[in-house]
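Scrolling down, you'll hit the structures one after another.
Each of the next two complexes has chain A plus one other chain: chain B in the first, chain C in the second.
Showing the complex of A and B:
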């Protein structure tokens, strides 16, 4: 199987919000190629007559619409790097057009 | 090739937030107006160790919607993870339904434009699915920060996806209004665009003349008012038409509507990432909706706006008035209650859509809490019809009754609005007026017919406007004839 090309590797890295050095890209492209090769092996198996796997556990009953405990704001936001006016402050999201 | 040769093909994706007490997958309260980040729990923040459990009330609301729209409700449907990294999505994925939604097909019958409401068009639905909402980002102009409030994260949503059956911006708005009406009648959502409990994305493409193939479609995101929906679609139709006329190709894109420039422009945000890496949600079992539950919910469906409109039209109400009345469930309920306590439907309709709606313009109370109860409309109309009060007096009686919460009949008795129809009394008043009106009588008999108005006016003045004008005219004719100078 052909090795995952650099563009696909970059796209996947972008979707995972990772920035890769050229050396890292080489390493991950190799690993992903191995994983894809394994997947295509699995895909090759004929499962036409195999019934779909269903968990033997019964479905979880739905929950009644009753409020439960909530988190106190100060505690909930304690782990955020930046908080302003009770909100989590993150680097600006919208790029200017 | 003429400009009109391209025909627009439009489909809408409508998100509607269900008005449950708690979120879709956790018992955290849904409190949109609460202080930022005060309606959150461990699940909302995607903290380790939390697991989703579906909210029964949200599922039932969603099923009601499917039944109202004629969808097929799947006995088993599945949850999926949709991945993207964005600050408003703490888990890094949204639980939604992808390949196996709970509702398939369905249809919305959209009334025609104002004045042509009876000309309905059909917009077919592809599907409806359930999902959880993301948090809310607040963008601060000119600052390097965005602020995130997670109160909305995890709130239950249904997404209603239409087929590309819509042909104009105006029809798109009517479709959305129709959907909003239906969810409000079902009582499952506030469905308020300004507050974000009803949101809409529009897919727009242009069909080339003589072609059956749909053109490349572009998606306009986050349209948060009916007006913007229409303006954005028109702007996008213009943009695509201009490109095609210039011989260029339409490139599939996600767009935003720039209201200041009245044009659509390509967004450069997460929605460009087509790869959401959907996968079956491992933390959620199959969603089972049993036939007996579906049957019970079907029993609970209220009479929907289209059925109400048809019923009103059958009573002789114009389609236009019927559309106004069914525009909000409360108004329609009020009308039904007024009808139930008796009175001619068209007259009740006139008072409801005229005086009552006008009075309510300056009133924030819901109709159901008005001291002016529906039965009083019939009473007021009865007082006019049996000649007790004049139409003019009725408006004053209504205003007082509305303001004071006292029934019309009591206002009429208290403030002396009863129309004077006592022939003897009116004859006496008339005689007195004529006796002192020598000049006017001379003019009348001299051929000036319009002087009659003067006499009527004098009678009305003497009776403080309460004389029955028709009766006054009758008596005046008799009196004038009786006093006519003998012909030589």
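Showing the complex of A and C:
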């Protein structure tokens, strides 16, 4: 049976860019272990030669590649918490040259 | 004078078209009712201001006065689950992550409802990012079940179902990823329809699990959901998965004969633990009604149906973990944290997401890890094929499949934190239609024996794009029953 301990939960939280308190780690570890135990029933299924699910719907045609109206910059930026010089401002990710 | 909020959407649209009453009168009646009972019901997260509601109503009255053709929702007050993007109207998806966000564009659903003559009253309560079956997974006030303040309205479209039931909206839109339209419809005693995957656009519907999500209508009767589906169905260039198939006349389908249809029942599914005896009894009674309608009930087998919950929760959590990666606090929504970019991501997502969303993101992240992918996600996607094939084989011998919608007649409000797996299992009858992309409807089919007696729902599932068959059978069932005419008690206000 798959078991997730608190350290595994921490790793998942790191990958998902979340922070967990020690109490959350314990609770989530227990719950996820229970859920994965339930899901392990899928292991008993013979999936030999069974393909992954694909929608039976035929592919839809792509949109015509032609210019059209776009969201105005001011409208697009209106929801951002930090804006500078008409762009979304974020913490620096590159060191100065 | 008739209480306009007691009318069906179809009666409103016809009355408006015939000039029996004005749209302003209708909109005012619903607006005032909302103002009166919302403090007790909490079906809305955001309401459209009264002057805007009246302005929209006057525009439809003017269109009628000028002799212009009116749409199928002419003058019908509509509530939208808060998952639907509405320009300049707060859209939170039930989450602190989007609190205060005013979308810069109108989603397809709000636009089509408005173009069909609907009057949008506001945005309805839901589980955060549509993850839940009780509408309790939210930092905001939990919507009440109109039938019992001690019970939840279901979820995740709990506000959409409660609003229809309590008449704070005439019809509503919800989203259904694993039963989120049908289960709350069942628990609140209204009709809810999940269309075929792709029948309704997903553009402007905030993504949870993209291969499963589908928008659909809720109403007090089959004709109301058919009318609303008519307004929102059809290809949308903004959604590459929306279908190009022509949209049938759904209102005409409601009048089509249902006699002779074969209804399949998987008896083994009724023996699974968790199905309440009173729900089982109501379901057996519903089968007798379908027979009275001239339909034939036949036994079918779906050998992989019991794997649905395990398969569904792996896939939906995987897709949710991917979809919700976009919430980084940079382009919209609140931003938290100081320091480097990674810290902003972590602080924003930690503050913005609630426990159930975090749980599903963690689970989804786990099943998508390179060393776990084949064991969990890859296997679930193969089992999904088997589940879908079960439906294909069943529909070789029947036209529709009947099941209970919810295995229980009511879910009590949680006094402590719920066991998440226990609540997941309550989706046992609904997830299959999402996994296979099939249309399904829930309609009132009885009440529990307790006090108060809580609504029980019948689910019918149809082959892909067979909404007309589904509606014909549902309308026939409704014509032979009176469950849909029962109304909940007035909420205790004050």
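Keep this in mind: the second predicted complex is superposed on the first by the 84 of 97 C-alpha atoms of A that agree within 3 Å, B and C clash if a C-alpha of one lies under 4 Å from a C-alpha of the other, contacts with A are read in each partner's own complex, and residues count from 1 in each chain.
The rule we apply is simple: a residue touches a chain if its C-beta (ideal position, glycine included) is under 8 Å from a C-beta of that chain, and two chains touch if they have at least 3 such contacts.
Small disclaimer: the values here were computed from a predicted structure and weren't measured.
Student: Does the superposition put A:93 against chain B (first), chain C (second), both, or neither?
Tutor: both
Student: On the A-aligned overlay, A:51 touches which partner chain: chain B = first, chain C = second, or both, or neither?
Tutor: second
Student: Would you sort A:73 into first (chain B), second (chain C), both or neither based on which partner it touches?
Tutor: first
Student: Is A:82 touching anything from chain B or chain C once the two structures are fitted on A? First, second, both or neither.
Tutor: Touch partners of A:82: chain B and chain C.
Student: Could you list which residues of chain A make contact with chain B in one structure and with chain C in the other?
Tutor: 15-17, 55, 57, 60, 62-63, 71, 76, 82, 88, 90-93
Student: Going by the contact rule at the top, pick out the chain A residues touching chain B in the complex.
Tutor: Touching chain B from chain A are residues 11, 14-17, 54-55, 57-60, 62-71, 73, 76-77, 82, 84-95, 97.
Student: Can you check the complex and tell me which residues of chain C touch chain A?
Tutor: 101-105, 197-198, 211, 235, 237, 240-244, 304, 307, 309-311, 313-314, 321, 325, 328-335, 339-347, 349-350, 353, 355, 358-359, 361-363, 365-366, 369, 375-376, 378-386, 388, 419-421, 424, 435, 437, 464
Student: Looking at the complex, which residues from chain A come into contact with chain C?
Tutor: For chain A paired with chain C, touching residues are 4, 8-9, 12-13, 15-20, 24, 28, 31-32, 34-36, 38-39, 41-43, 45, 47, 50-53, 55-57, 60-63, 71, 75-76, 78-82, 88, 90-93.
Student: Of all residues in chain B, which touch chain A in the complex?
Tutor: My answer: residues 20-22, 26-29, 35-42, 45, 53-59, 83, 85-87, 137-140, 143-150, 258, 265, 267-269, 273, 275, 277, 284-288.
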